[in-house]
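Two complexes are shown next, each including chain A; its partner changes from chain B in the first to chain C in the second.
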Partner chain A sequence: MTGDVTGARLVVGPFNRVEGDLEVTLDVAGGRVARAQVNAPLYRGFERMLEGRDPRDALVITPRICGICSISQSTAAAHALAAAMGLTPTPQGALAAALIHAAENVADHLTHFHLFFMPDFARPAYAGRPWHARAVARFIALEGGAQRAAVQARAELLHAMGLMAGKWPHTLGIQPGGVTRAPGPREKARLAATLRAFRRYLETVLFGGRLEDFCALKDVAALMRWPSGDVALFLGIAADLGLAGLGRGAGRYLSFGAYPLADGPAFAAGTRSAGAPGPVRPAEIAEDLSHAWMLGGTAHPLDGMTTPDEGMAAPAYSWCKAPRLAGQPMEVGALARQVVDGHPLALALAEEGGVVARVGGRLLELARTQILMEAWVAALAPGESFMAQCSLPRDGQGAGMVEAARGALGHWLRIRNGKIANYQIIAQTTWNFSPRDAADVPGPLEAALEGTQVEGPVPLAVQHVVRSFDPGMVCTVH
Partner chain B sequence: MTTLLWLQASGCGGCTMSLLCAESPGVIEMLEDAGIRLLWHPALSLATGAEARAILDDVAEGRVPLDILCVEGAIARGPGGTGRFQMLSGTGQSLMAWVQRLAPRARHVVAVGTCAAYGGVTAAGGNPTDAVGLHYDGAHPDGLFAPAWRSGSGAPVVNVAGCPTHPGWVTETLMLLAAGEPVALDGYGRPRFYADHLVHHGCPKNEFYEYKASARSLSEQGCMMENLGCIGTQAVGDCNIRPWNGEGSCTRGGYPCINCTAPQFEDPAHAFVETPKIAGIPVGLPTDMPKAWFMALASLSKAATPPRIDRNAHADRVVVPPTLRKPR
Partner chain C sequence: MSQIETFYEVMRRQGITRRSFLKYCSLTASALGLGPSFVPQIAHAMETKPRTPVIWVNGLECTCCSESFIRGAHPLARDVVLSMISLDYCHVLMAAAGHAAEAAMEEAMEQHHGNYILAVEGNPPLNEDRMFCIVGGKPFVEQLRRAAEGAKAIIAWGACASYGCVQAAKRNPTQATPVHKVITDKPIIKIPGCPPIAEVMTGVITYMLTVDRLPELDRQGRPAMFYGQRIHDKCYRRPHFDAGQFVEAWDDDNARKGYCLYKMGCKGPTTYNACSTIGWNEGVSFPIQSGHGCIGCSEDGFWDQGSFYNRLTNIKQFGVEANADQVGMAAAGVVSGAVAVHAAISALKRAQKKTQDKVEG
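Coming up: the complex of A and B.
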């Protein structure tokens, strides 16, 4: 929790419960963060590993970028390959793939809330607060009742993976044309049972009420009155600590659109900046390398390269590149997705744009996605085709732009002579935890941390802000 | 009480994610029931920043005894042997340096996953970060530690290889170590309780295998050995004996076993989903199968394939059920 204070500089690390490696350097002035630098200190070089391989190998290699968003990586790779082939999955294949992907995203939201985000409120530093004893009982790391219940519910939900995708993480079950295993009537019945059990857990433990009622909330005041479950415990803590105004973002949201089905994505694609909706123009995406330990210039990912600067020279301070949309940093994630999709509660939360908005957006999406998954299982049609077949072109290119739990994820692929000539990935946390760009504009987390109170040696507020983004550090640099 | 420290080196964190899928009991209860106290785990523990550094220092300096050190992920030695491709944040030291400092304190060292065991996917495609396993560099017994290296208990690194590892492989290894029971290892340092099995054992495609009724493309039900790169007849693992995530496995999911428990599985020198062939004959024999016999039996059984099995092999579901027999 504490960091090393060197003059007015605080280095927080190892910053844990962030699914990977993270170091945050804070310049403190007047008890508040004046400037934040976010460093992703692990480089593995996946994009380089893929060069020269059979394009289909991307379906084996890229899921292993990230153990928590493995299916999202599979899905992005499958879409990029499908685009290169000019292939569309069968409608039932797309449905089954969406179901597999949604199960991972829901599991990730559950993991974030219970294992990564909430335990900080059980810290002794909060011992004087009226809710502390309950936070300890429910969320203290490895012992809290809510934690244990969530881990069990998650493991049982992921039986959907055993049934449809072989295993989790790291499946080869998602392919450009659909899925490798065609579910039959008994798989459909079993999936429905798994989802009913998961709904029972959500409605009795996490939400303590009907999911439809939570999804019907229209404004922040109504949200804050939600009376039950561990959600109410969080909201009470948030109200007491003023988390709504903490870690406010710039109000620029991006979503590539989630779960593409025959009639379009289940959650819409688009942007929202200063309250105004807009389309995603993929050509406007570029990665700036000015503050990354990477050689080369700003480029669109189809033309990008990943050449590490082994000297790790300043002014760079992270292995993470800085993705920008039309030159702007963008916040991505569940809140962004729900905002772009136009849900009234999410739009109201976006007015705040802080810790409560991000966590609330995630809870809203958890409830909405459960309802979607139930409908998708009901729509599974055993007997129809779950996979379209096609072969790869000798030369071609494609993009796979999907939504992982933590936000917009893109894979860009070029094929030459039947091999991968270039493969570039912009992961979800690459957007949120990007370093500065050439114009010295900070990344979304860096900006959100500015002004955050750093009280004494234990900057709790910093913990809450960082974790409200649900960072997934392993795939940030990849 | 058995103390356990878990480090995440250069990997995806997927072995921890898989571990959280342990059931009956869940992983937290299992560790507790086995008398294992988690000193620190990067994804699960409350302690962060200086709190975490204090725990690591206490172990490194011998102030807190360490029974089991689990390392997940490969050790990045680059660039230029500095380990700076993975710094343990807030410490100014590489993860490589931390492992070198902590491992001598541990009674047992467990490499969780193929990356920690052999380098794995982190070492794929030319190995851009010069990554190795703790005790192996690929199949060579010379990783971060020299071949003769032994942990405090006198044992080599226990390689719970798999990409990811099955939660049961990890929990059972930890329970055996905590109970003071020996963990017998195979020639690549893997626990024999799962490495003495082949993925082929219990594979639901066994009847297709028997007749070489082979799938030609993914989504067909037939055996994936002949065309689709499946090496379940050579890969170690009890994946089809104990299921994954309820009732799954790779071959149950309809895709090939890629031998993820093995050193150097990440660079098979052919596409993962394509069986290499010489003059139309698939390369690679089932483990312990004499080649001449395999060729003879394969051609014989292929010629004898019953129509039911042939048709089902090329469908994505059972289209011809087994013939019913009346009781006598």
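Coming up: the complex of A and C.
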């Protein structure tokens, strides 16, 4: 297939180096994507399995939706249960849970940059570019110096997870009232040491400069001048290939607010559409099933159903439902979170809204979260209560709305007679990789792909756009 | 490439020094429970034998096995094993994408026919005409069958591939089916756990690559070297169990004292795995150390045994210090007879219990 084919259809996938399976169907006209359809080809039926179980089992079952964001799932389940109980975690419990959750999100950002996103620039197709040799040395799959360093740094960061949560992936340490492990002075000291080592890695290898300096960047021009580390390599490549204008989104961002502490979330909750901030109204969330192989109508997740359509009837083309906020598709993720939180660099990046904005937003969040985690460890108070107690109601309902690395994640739970009567999940990539809705409005990735140049059987520009979202496909349909 | 490289050549090419190589050999020997005399044997095998190709495929799963694996054991072991397997096909980690990736897998299967190890993460769903998990436009089960054809042996990574795991939980909407029910004509080594411990994964794969035979398996097909003992046998909270000291509620005084989590639903007494000896995240900790009980994720059907927070009622052995109240409580739930006999079992007898002994209905 070549770029000048008109009216051709191209199926891209399976994608490797993403978590889970993904297929993208592109209608190509004039060498550019005219219409994109994103298909999540994996369905497991978690929501169905949860029905009739002890509500607490959600803490064990839902993390296993995804091995990369299992803490986020467990946090959402804990929040949904806490809401049903009317329980607020103790301040120290919330702090410890935030620390565990943040460590996972940071590890995810690191993985995405090194293992999933950057290796594409080491491909032979870019051999003529001045930066190619360096990209190969740093990022070729499994052998690149930066890749090895990142895998090592991540493993060491996750010692924090061992200390606080027993094991990763799939911890059970986070409960509705807080955490099961009350850290003592010894753990506190080890956590601080782990974070110091991780900062050293970030400042010498990835950023090549002080995190505070990176967080102080205020506009895109200043970002593009960042001089050092693998970040500078990426920015140089981005400038050369014009990645800033590639894969532009619709400029509608959503964040449920990350890391709820005693005095509010560390990164604010809200929306931003066409440059204007707004609140999140959970009642305005609905899942449209018109293009999903699912039976039923558009519904709020508390009333939603997950009944697969065995006939896989058209016009549906994905197992993924189409979540909408007040009828609109929303982009979620690190960029969205930083935009909603009002960071000046993120707001400037949102003006572009393309590949550089998404990757830049993730790097910004990585730096900011490290600084937050250090403060949280310092605030740990061994000896205080890390868990509030409460029992489950026989009947009730609750929502757990959290921020996973890849964006807004919600669990909606209904309890009847002490058992789960309904459990619905809208995962982060469900928002980003949603199919069309009844009004034929495409999901964020589908929209971002339109207009992308297509050359060759594995169009690299398409790869960059898809990967800039950091697909987490096993979450998408669960 | 007509001549397949040796492991040693691969490792040197990856920039691993000879000194590190020898360190790796002794590390492997001790991880596998072999004496120092086996170190030269492992080194010799790795220097002279062509590497065993590994093809890694993913079905219905959550990628937690890959995650556990790349977070790996000793950094050296991880590097070595990763460099060995990266040469062939691995969905999550390889550089190629799309049809190039599929072609790479076809080529590896053809070139190494009858000689490669097939590592399976996840399982095939058989419902809905098997369309719940599609790889390269075809149901995963077809990829699995095809890849199994030329495989020398199959490793079933994790609870998904070994038993079905949570996606096979009651109602099993997709009819998620473990590998051994689909592939019946190849030796299958089960490495259950959700996920399995990274060190167990690297240990098993190294053993097979270097010694060139399957590890000794238990009745369920798990390598005995890692699944021969219960979490309970080596749990650091075991003395509290024996002394009848239990956590009664999350974060109570007993929890802070590190008492036994049995009453909070810990499944350590019926779970065979190496968590309490090897530990997680490079040996830092394991679930019980975080103050939460074991959920038994390396046991068949762990996802459908009632609530994860229900107390075990089928443990046969009690510490001599256990009081009558606890013994009575446990006995009440046991359906089979001879409870009293078991309840009075001696410490000596307990020490002999090293292999699986489940209560049968």
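Just so it is clear, the second predicted complex is superposed on the first by the 470 of 478 C-alpha atoms of A that agree within 3 Å, B and C clash if a C-alpha of one lies under 4 Å from a C-alpha of the other, contacts with A are read in each partner's own complex, and residues count from 1 in each chain.
The definition used in the following text is that a residue touches a chain if its C-beta (ideal position, glycine included) is under 8 Å from a C-beta of that chain, and two chains touch if they have at least 3 such contacts.
Just so you know, these numbers come straight off a predicted model, no measurement behind them.
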Overlay on chain A: chain C relative to chain B, clash or fit: clash
Touched partner set for A:360, first chain B, second chain C, both or neither: neither
Chain B versus chain C as contact partner of A:333, first or second or both or neither: neither
Which superposed partner A:323 touches (first chain B, second chain C, both, neither): neither
Which of chain B and chain C A:442 touches, first, second, both or neither: neither
First, second, both or neither for A:68, with chain B first and chain C second: both
First, second, both or neither for A:89, with chain B first and chain C second: neither
Which of chain B and chain C A:22 touches, first, second, both or neither: first
Common interface residues of chain A - those touching chain B in one complex and chain C in the other: 11-17, 19-21, 23, 41-45, 48-49, 51-54, 56-57, 59-61, 64-68, 70, 115, 119, 122-123, 140-143, 148, 151-152, 154-156, 158-159, 161-173, 175, 177-182, 308, 310, 312, 385-387, 389, 457, 463, 474
Of chain A, residues touching chain C in the complex: 11-17, 19-21, 23, 41-46, 48-49, 51-54, 56-57, 59-61, 64-68, 70, 115, 119, 122-123, 140-143, 148, 151-152, 154-156, 158-159, 161-173, 175, 177-182, 308, 310, 312, 319, 385-387, 389, 457-458, 463, 474
In the complex, chain B residues that touch chain A: 8, 10-18, 20-23, 26-29, 38, 42-53, 76, 78-80, 84-91, 121-122, 124-126, 128-129, 131, 163-164, 217-219, 243-256, 258, 260, 266, 270-274, 316-317
Residues on chain A engaged by chain B in the complex (per definition of touch): 1-4, 11-17, 19-23, 39, 41-45, 48-54, 56-57, 59-61, 64-68, 70, 111, 115-116, 119-120, 122-123, 140-143, 147-148, 151-152, 154-156, 158-173, 175, 177-182, 184, 308, 310, 312, 382-383, 385-387, 389, 457, 463, 474-475
Chain A partner contacts - residues on chain C that touch it in the complex: 14, 58, 60-68, 70-72, 75, 78-79, 82-83, 86, 91-102, 125, 128, 131-137, 165-167, 169-174, 176, 194-195, 249-251, 255-256, 275, 279-282, 284-293, 295, 297, 303, 306-309
